[in-house]
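See below for the structure under consideration.
In order of appearance the chains are A, B, C, D, E and F, and numbering begins at 1 in each one.
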Amino acid sequence: MTAAAPALLARARKHLFVAVVSDTLDNMGLTGQALAPAIRPLDDALTFLGRARTGMYREMFHVQPGNPYELEIKLIDDLRKGEVAVLACSGNPRIAPWGELLSTASKARGAAACVTDGLVRDIKAIRRMKFPVFAGGIGPLDSKGRGIVAEIDVPVELGGVRVAPGDLVFGDADGVVVIPKAVEAEVLTAALEKVLGEHKTLAALKKGEKLATVFARYGVL
Amino acid sequence: MTAAAPALLARARKHLFVAVVSDTLDNMGLTGQALAPAIRPLDDALTFLGRARTGMYREMFHVQPGNPYELEIKLIDDLRKGEVAVLACSGNPRIAPWGELLSTASKARGAAACVTDGLVRDIKAIRRMKFPVFAGGIGPLDSKGRGIVAEIDVPVELGGVRVAPGDLVFGDADGVVVIPKAVEAEVLTAALEKVLGEHKTLAALKKGEKLATVFARYGVL
Amino acid sequence: MTAAAPALLARARKHLFVAVVSDTLDNMGLTGQALAPAIRPLDDALTFLGRARTGMYREMFHVQPGNPYELEIKLIDDLRKGEVAVLACSGNPRIAPWGELLSTASKARGAAACVTDGLVRDIKAIRRMKFPVFAGGIGPLDSKGRGIVAEIDVPVELGGVRVAPGDLVFGDADGVVVIPKAVEAEVLTAALEKVLGEHKTLAALKKGEKLATVFARYGVL
Amino acid sequence: MTAAAPALLARARKHLFVAVVSDTLDNMGLTGQALAPAIRPLDDALTFLGRARTGMYREMFHVQPGNPYELEIKLIDDLRKGEVAVLACSGNPRIAPWGELLSTASKARGAAACVTDGLVRDIKAIRRMKFPVFAGGIGPLDSKGRGIVAEIDVPVELGGVRVAPGDLVFGDADGVVVIPKAVEAEVLTAALEKVLGEHKTLAALKKGEKLATVFARYGVL
Amino acid sequence: MTAAAPALLARARKHLFVAVVSDTLDNMGLTGQALAPAIRPLDDALTFLGRARTGMYREMFHVQPGNPYELEIKLIDDLRKGEVAVLACSGNPRIAPWGELLSTASKARGAAACVTDGLVRDIKAIRRMKFPVFAGGIGPLDSKGRGIVAEIDVPVELGGVRVAPGDLVFGDADGVVVIPKAVEAEVLTAALEKVLGEHKTLAALKKGEKLATVFARYGVL
Amino acid sequence: MTAAAPALLARARKHLFVAVVSDTLDNMGLTGQALAPAIRPLDDALTFLGRARTGMYREMFHVQPGNPYELEIKLIDDLRKGEVAVLACSGNPRIAPWGELLSTASKARGAAACVTDGLVRDIKAIRRMKFPVFAGGIGPLDSKGRGIVAEIDVPVELGGVRVAPGDLVFGDADGVVVIPKAVEAEVLTAALEKVLGEHKTLAALKKGEKLATVFARYGVL
C-alpha cells in the first residue's frame, strides 16, 4: 500500500522488463494494465519507468482564438525528473500532440518519456535524441485547430487502460504497463523475484530440456 | 497561384520537412492534406518531393482475358524525372500493386517515388535500391485477378486525401502531404520561412528555457 | 499430388521467395493462400519454409484450475526439425501466446518458426536468437487467464487462411503463404521456373527498357 | 448566395426528400455533405429540415466538480423554433448525449430535431413523442463522467461532414445531408426542379419502359 | 450436378428458409456461403430465391464524361423473371447503387430481388412496393462521380461470399445464402428433408422435453 | 451486500428501465456495466430482468467428432425460471449460437431471455413467440464446425462487460446492463428512488420550463 522507495525503483529499472511486470500484475488480479498493442515505441531499444503526468485532449474542428497550447505548455513546463507525459487523445488519428520541440523541452526537464494514443511527428529528430516516445502512430499533423488539452493532472484512459496522475508507467519494446500507485511496491518486489525463476527456466530450456519437465520443476512459463 | 519554380523546388527539397509543410498548409486553411498514418515508408531515411501521376485501381474477383497490367504499364513507362506514381486502391488489403519490377522501371525513368494505399512486395530488394515507396502495408499478393488499373491521370483519393494529377506530393519519415497545384509556390515559400523560426525555438528549448517563455517570444510550437 | 522431396525443399529454401510462390499459387487458382498483412515478422531478415503444427487458442475470462499451458507445452515439446508452430488466436489482441521461453524451447528442437495472429512478447531476446516469429502484434500479455490452447493438430485459420497440419508454410519479409499439401511439389517446381523469368525481366528493366517491351517479351510482371 | 426565404423552406419541407437534395449538392460539386450511414433515425417515418445549433462533446474519464450539463443545458434552453441540435461526439460509443428529457425540452421550444454521432437513450419514449432523433447508436449511458459539451455554436464534424452553426440540416429515412448556408437557396430551388424530372422517369419505368429509353429521354436516374 | 427443376424451385420457395439451407450447405462442406450479417433486408417480411445477375462496381473520385450508368442500365434492362441483381461494391459506404428507380424497373421486369454490399436509398418507396432489397446500409448518395459498374455477368464477391452468374441466391429475414450452381438440386432436396426433422424437434421442445432427449432422438438442433 | 429479495425484484421489473439503472450504477462508481451498443434486441418492446447463466464459446475450423452441442444443451436444459442464457462468443460474426429451437426450449423452462454477442437466427419465429433475445447481429450460420461451448457457469465477457454466473442482467430497448451480485439490492433500491425524481423533471419540462430551472430544482438530468 506504500509507494515504492527510490532504491526499489532503481532495482526495478535495472532488472525488470515489461512482460514480467505484466505477469506479476496478472497474478495479483490486475489484468487490465497493459496498453493496447497499437501503441508502439519509436525506438525499441529505449525503456522507461516513471510517474504519470496526464493530459486529456479533446477534438475540435476550428481554430479557437487564444493560445492553443496553453495547458500543454503548462504540463510540460511543470514536468519533474523521472515523470512521464501521458497524453490521452481518445485514439484520435488526426493529431500529433508530440514532436521534437516537446521532446526537447521534456528532456531538458529530466522527464522520462512520453506515452500517447495520438500520433508523433519529427520522429527522426526524436530518435536521434534518444527520448522514449510511445505513440499510437506517426503523422505530421499539429494539434492546432484539431485538438487541444482540455484538462491536466486528471485520470485518463488510453490504449484501454486507466492512468491516474502519479501512477507508475513502465515501457519497453514489448509495450507499456501501468502500475496503480496503491500496489506499486508489492508489484515491483514480486516481479523482481519472478525474474530469478525465469532465468532458471530459460537456462534449462536452452540445454534442450522439455517444456513439460521445466514447467513441472519451476512452475514458470 | 503559380507553379513553383525549379529553384524554389530545389530549396524545398534541401530545407523542408513534411511536418513544417503540414503546419503551413494548416495556416492557409488547407487542413486535409496529410495522408492517414496507415500509409508508411518502407525506409524512414528516404524523402521525396515530386509531382503526382495517378492511377486508380478497381477490385475484381476473376482473371480477365487480355493484359491485366495494360494501364499500369502505360503509366509507369510514361513517368518523367521527378514524378511520383500515386496508386489509389480504395485501401484494398488484397493487392500489392507495387514491387521490385515497377520500382526498377520507375527508377530507370528518374521517378521520385511511389505512394499507394495498397500493399507493396519485394521490400528487401526495394530497400536495397533506395527507391522511396510509401504504402498501406506489406504483402506478397500480385494484382492480377484481384485488381486492375481502371483509369490513369485522373483525380484520386488515398489515405483520405484528394490527389490531382500534377499536385506536388511530399514524403518523409513523418508521413506524406499533398500540396495542391494552385498554392504550391505560396506554401513552399511560407514553409521555408517557418523553418527559421523553429530553429530558434529549438535552440532556446535545448538551453532549458520554459516552453511558455519560448512560445511567447517566437510564437512557434 | 505428392509431397515435395527433401531435395526440392532444399532448392526452394535456397532460391524461392514468398512473392513468387504467391504468384504461382495464383496461377493454379489458389488465390486465398497469403496471410493478411497485419501478420508481420519480428525480423525482416529471417525467412523460413516448414510444415505446420497447429494449435487453436480460445479466449477466456478467468483463471482455470490446472495447468493452463498443457496443450501448448505438448505441442512445443513434440515439434520436430523444420516444423512451424502455427498458433491461431482468432486475431485476439489480448494475448501473447509466444515469447522467449517458447522460442528457446522450439529452437532447441530444431523448429523452423512460429506464426500466430496473436501477439508476441520478449521481442528483443527473440530477435537476438534469430528465431523467426511472425505475429499479429507485439504486447506483454501472457495467455494465462486470457486464452488457452483448446486443440492441437487440427485445421485452423489465421490471417484469413486455412492451415491444415502438415501444410507447408513459407515466410519472408513480404509475408506468409500456406501451400496445401496436395499441390506442394507442383507449386515449388513451378515457382522455381518462374524465378528464372523474373531475373531476365529485371535485368532488362535495369537497362532502362520499357515495361511494355519487357512484358511483351517475357510475359512476367 | 442568400439564405432561403421562408416560402422556399416551406416548399422544400413539403416536396423534397434527402436523396434528391444529395443529388443536387453533387451536381454543384458539393460531394461531401451526406452523413455516414451509421447515423440512423429512431423512426423512419419522421423527417426534418432546420438550422443547425452545434455542440462539441469531449471525452473524459472522471467526474468533474460542478454542473456536468452546463453548456448542454445552455444550448437546449436557447433553441428556437425549427432549429436542430447537432451534437458531435467524435463517434464516441460510450455516451448517449440525448434522451427523453432533452427531447421533451427541445420539443417544448419548437426545435426540429436532434442529430448526433453519439448514442441516444429512452428510445421508446422518444418514439412516442414523435421527435426526430438521428443518432450513431442506442445505449443507456449518460454523459456524466464520460463526456461533456466543451463548446457550443462552433463548427463541428460528425459522420464525416462539417456542420457550421446556421447550416440547414435535412433528414429523412434515407439519411442526413448538410446544406451549407452560402448555397442553400440555390440547392433547394434546383432540387425542387429535379423532383419533377424524377416523377416522369418513375412513371415511365412503372409502365415497363427500359431504363435505357427513359434515361435517354429524361437524363435522370 | 444438375440445375434444379422448376418444380423443385417452387417447393423450395414454399417450404424452405435460409437457416435450413445454410445448415444443408454446411453438411456438404460448403461452409462459406452465407453473406456477412452487415447485409440486411429493408423489410424482414420479404423473402426471395432467384438466380444471380452480377455487377461489379469500382470506386472513383471524379465525374467522367459519358453515361455513368451505362452498364448498370444494361444489366437491369436485361433482367429476366426471377433473376436477382447482385451488385458488389467492395463494401463501399460512399455509394447507394440501388434506389426507387432501379427497383421499379426491376420489378417491372419480374426480377426477384437486389442484393448489394453498398447502400440503398429511397427506402420508404421501396418498402411500399414490396420489392426485396438486401443492402450493406442506407444512405442517399448516388453512384455518379463515386462509383460505376465496371463489369457485368462476371464472378464477384460481396459479404465475404463469391457469387457466380447464375448461382441461386436465397434471402429472408435471417440473411442471404448463395447456392453454387453445381450443387443446387442436391442442396434444395436435402434441405426439404431437413425441414421435416426440425418440425418434429420443435414440437417436442414445445411440449417441454429436454434438449438432450430431443437431440438424442432426432439428431437435429 | 445482500441479494435482492423477490419483492424488490418484482418492483424493479415493474418500475425500472435500463437507463435509470445505468445512471444508478454510475453514481456508485460502477461505470463499465452497459453492454456495447452493437448488442441489440430482436424486439424493442420486450424487456427482461434475470440472473445470468453463462456459456463461453470458442471458435473452430473443422467438425469435431462427437456431439457439438453437448455443453450448450446442458446449459439450456438446466435453466431455471427467470434465468438468462448469456452466451459469450468473443464477438464472432461467424456463428449464430441462438435460434428458434433454443428459444423454444428456454421458454418452456421459464427462462427470461438470451443475451449474446454472437448472431441469432430464426428471428421471425422468435419474434412471434415473444422471447427476448439480445444479439450482436442476425445471421443463418449454425455453430457446428464454427464454434462450440467450451465452458459453462464461469465468468465471461461480452460487449465489453464482465458477467459472472448469478449476476442480474437487465435489458430493454435502450440496451443491457449487468448488475454485480454484491450490490444488486443497493442498486435496485436507489434506482427506484431515482425514477421518482425523473418523473418530476419530465413533468416540468413538458410544461415548457427551462432545463436550467428544472435541473437547479431537482438535480436530475
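By our rule, a residue touches a chain if its C-beta (ideal position, glycine included) is under 8 Å from a C-beta of that chain, and two chains touch if they have at least 3 such contacts.
These numbers were taken from a predicted model, which means no experiment stands behind them.
Using mean Cα coordinates as chain centres, the one most removed from subunit D is C. Distance between Cα centroids is largest for the pairing of subunit E with A.
Mostly differing positions are employed by subunit B and subunit C in their mutual contact, as under half of the interface residue numbers are shared between these two copies. Taking each chain's centre as the mean of its C-alpha atoms, subunit B lies 41 Å from subunit E.
Rounded to a whole number, the gap between the C-alpha centres of subunit A and subunit B is 31 angstrom.
Chain centres here are Cα means. That of subunit C falls 49 Å from that of subunit D. Across the assembly, subunit D contributes no residue in contact with two or more other chains. Pairs of chains that satisfy the touch definition comprise A-B, A-C, A-D, B-C, B-E, C-F, D-E, D-F, E-F.
On subunit B, the positions that touch subunit E within their shared complex are 56, 58-62, 64, 88, 90, 92, 150-151, 154-157, 162. Residue ranges of subunit D in contact with subunit E, taken from their complex: 17-19, 21-23, 26, 31, 34, 36-38, 40, 44, 172-175, 177, 198, 201-202, 205-208, 210-212, 214-215, 221. Within the complex, the subunit E residues that touch subunit D are 67, 69, 73-74, 76-77, 93, 96, 99-102, 104-105, 108-109, 119, 121-124, 137-142, 144-146.
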